[in-house]
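Naming follows writing order (A, B, C and D), and every chain is counted from residue 1.
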Amino acid sequence: MKHHSKTPMDHSPYGQSFTLWRDGCPTAWQDYTDHAFVEGLRSGSLPRAAFLHYLVQDYVFLVHFARAWSLGVIKADTLDEMKSCARTVDALVNHEMALHVTTCAAADIDEATLFAATEEFETLAYTRYVMDAGLHGDYLDLMAALAPCCFGYGEIGLRLAGSAEPGTPYQDWIKTYADAGYQNTMKAVGRMMDMALERRLGPDPTLSPRWPRLQHRFATATRLESAFWDMGLRAG
Amino acid sequence: MKHHSKTPMDHSPYGQSFTLWRDGCPTAWQDYTDHAFVEGLRSGSLPRAAFLHYLVQDYVFLVHFARAWSLGVIKADTLDEMKSCARTVDALVNHEMALHVTTCAAADIDEATLFAATEEFETLAYTRYVMDAGLHGDYLDLMAALAPCCFGYGEIGLRLAGSAEPGTPYQDWIKTYADAGYQNTMKAVGRMMDMALERRLGPDPTLSPRWPRLQHRFATATRLESAFWDMGLRAG
Amino acid sequence: MKHHSKTPMDHSPYGQSFTLWRDGCPTAWQDYTDHAFVEGLRSGSLPRAAFLHYLVQDYVFLVHFARAWSLGVIKADTLDEMKSCARTVDALVNHEMALHVTTCAAADIDEATLFAATEEFETLAYTRYVMDAGLHGDYLDLMAALAPCCFGYGEIGLRLAGSAEPGTPYQDWIKTYADAGYQNTMKAVGRMMDMALERRLGPDPTLSPRWPRLQHRFATATRLESAFWDMGLRAG
Amino acid sequence: MKHHSKTPMDHSPYGQSFTLWRDGCPTAWQDYTDHAFVEGLRSGSLPRAAFLHYLVQDYVFLVHFARAWSLGVIKADTLDEMKSCARTVDALVNHEMALHVTTCAAADIDEATLFAATEEFETLAYTRYVMDAGLHGDYLDLMAALAPCCFGYGEIGLRLAGSAEPGTPYQDWIKTYADAGYQNTMKAVGRMMDMALERRLGPDPTLSPRWPRLQHRFATATRLESAFWDMGLRAG
């Protein structure tokens, strides 16, 4: 019993679970990764105000994303899972957020302002949904809700690195996610998720009764990513 | 359609904490309790499709509201707090949700459909924000996030019971919240919240350094109530 | 004092999952259900001081057991699971704890004293282990940790009802758990757990990679039950 | 209204909150920090079997301690609190546990064995009590439960560094906690806790109605430390 008919098997470098989840909601995934906001980053046409509005909210998002990965440490079953989650918390708090802080500082927005920014509904919805996925379910429920941000930014970063207009002012953003550091981290996270699924659901996780629910969590988080871009554009 | 100006002595029957929180964000509170959706319930002009869309989402909301009050049982410090939260879970699961089930059944929507309804972003944002308020903070953080729904519906129910157009088809909804059962429960919940605040913050909770944060939680949940009504109207 | 040898068909009235879990740790289960404390309840030889010490700690245990079942409401996937957990919280807070309150009142220990009792290490270990099983895992992890108390007391109650010395002063305790009300509730809880396992792990949950971990949770909670009886005897 | 009469004010380098908590349960604190197990480390008379038994359980303890500090990231109110908790998770997972792994490897116990070790009741009681302190309350409840381990090991390490018998085989253990790295980290954690208390309870946290409960949490965790040493000795 295999998923043998997916002929143009576009295996992602981020692992099999992600590939299955992504291919399980192709429209939602395309809406997210090909969003007008992303095209604006690529072409450079994205208004600066929209980018800064997004960046402030994304800073708040990362605060909660670090909380969600900390919940991963709490819910892990193996030492490798614990270490993977703890490393990600460290990467978020001490590295990825630095891009936001630096870019915002150049626009006269300091970190205390970022931390205290009023959250848009889209930020609230996405971040708290992920947290509650972890409280409600187990480690896998949390991972399925965390995956779209991790790997979607990875895909977008890679694609834009190869297609961005030379003059786009958003090269720093693109480099952050196209960078080998980010890409390698995401490959490791993808492997960890594959092992986490196999450990709990067996060698073919799609045969588990839990699979549709995990797919649903991934798709919901993907829809919330699109809404997050919409929110950014609204301020443009 | 506005609230008349408040004298400084407009104490709510739902207790002092609620009065302080409500009067600490008057515009947000008025946006919520005088919303066009509420006026539509009063006058009867609310489209049936909008009401049903709201009701389905509100059913999902109540599922998560019952989860949030269950988190209250977990976070309570006293037996009275535990019992108050447990009673509210019972009231939600076994009584308030019954209105939704009955009304939706009349529109050929069964309870399994309600439970499995796709959540709108506004539903996600509000419900998960409340859950996370409890995970993030203590019992008071949770209560501040739960209060706007409890007492706002109480205020709206009472006001509409005295002002609704006789022909409005939404009398059952109005009665549910104007009803002495609901009103008395909310008075008891308000007293419990007053005692919970005093127990942890002392006789004047507004002097505690924590007060602004609790006020912020109440105001955020109030804004999310308005967004919930907006969501209902969108489907009209 | 031993259980008679089990035929392979000794299905418990509390369902298949419990039967499997119980038969997966037979020595630990017998240590718990045939403990000297239980024999003391049956014969009447248990010192009153030991019983009262146990009862005070068991009251504190039930407070946390109600918290743990509330966590079940939070972690449930279906409306039936939510209702089952909410009913159990209500039964614990409003019924089972009443036995403790009444019995302790007769010994001049009031409910405020019970609620504020200093917890023994065995009480801390057991109650917090169950709570953390829920935070760490999903609904099934929580159920596996809740099961030994539910069904062990059911088995003990039934057995003692048929074998107690007529003069034992612990007839009220025995009746509480032999009672049709308690037994029927436990049968319903057992059915709910069977359905919860099938829903997530498929028709034969023992084939799931998660089974050993669930069995381990059940066995750990069973060992903690024996330690709880030991603690009671220590005070005799 | 001041605590003015504590004349021989033995201010700890780990901050004012810890000093107050420690001096609020002097007998329990002395039982813990002057325990026979500690004296055995100092003099070298502690049987190797007792030390190894302790070390295996302490490894499991650190796994859960890392989970508890991760819960701190989730419950933090400020970026500094988040960073402090995240740094501690990293220090535990990537540094302190290394001592255990190295020492146990020399006794032919590998890390997989450590991670899978059967937990003693004392380990269960202590670790899950700390986790539940965080789930039940807010950031301060968690900090009060985390403090005895952090600062008690700091005090013990410093004292033994100045008084250990030259021939004690437990110099590595002593150095781990007497080391400037550990000591400076604990001073920073102490400052963070002082600020966390002031931020939520005002300049004199002992005046808050919550103080007795925080003191109780600290004292309970301190008693659980003594029980943990007892457990170690049992295996000697």
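Basically, a contact is a pair of C-beta atoms (placed from the backbone, for glycine too) under 8 Å apart; a residue touches a chain by one contact, two chains touch by 3 or more.
Since this is a predicted model, take the numbers as computed values, not measurements.
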Pair sharing more residue contacts (C-beta pairs) when A-D is set against A-B: A-D
Self-contact between copies subunit B and subunit C, residue sets same or different by half: same
CA centroid of subunit B to CA centroid of subunit D, Å: 42
Chain centre separation (subunit A, subunit D; CA means) in Å: 35
Separation of subunit A from subunit B, taking each centre as the mean of its C-alpha atoms, in whole Å: 32
Multi-chain contact residues (two or more partners), subunit A: 74, 131, 135
Footprint of subunit D on subunit C - complex, ascending: 119, 121-122, 124-125, 127-129, 131-132, 135, 220, 224, 227
Sites on subunit A touched by subunit C in the complex: 74-75, 77, 135-139, 141, 198-202, 208-210, 213
For the subunit C and subunit B complex, residues of the former touching the latter: 63, 66-67, 70-71, 73-74, 78-79, 82-83, 85-86, 89-90, 93-94, 111, 115, 131
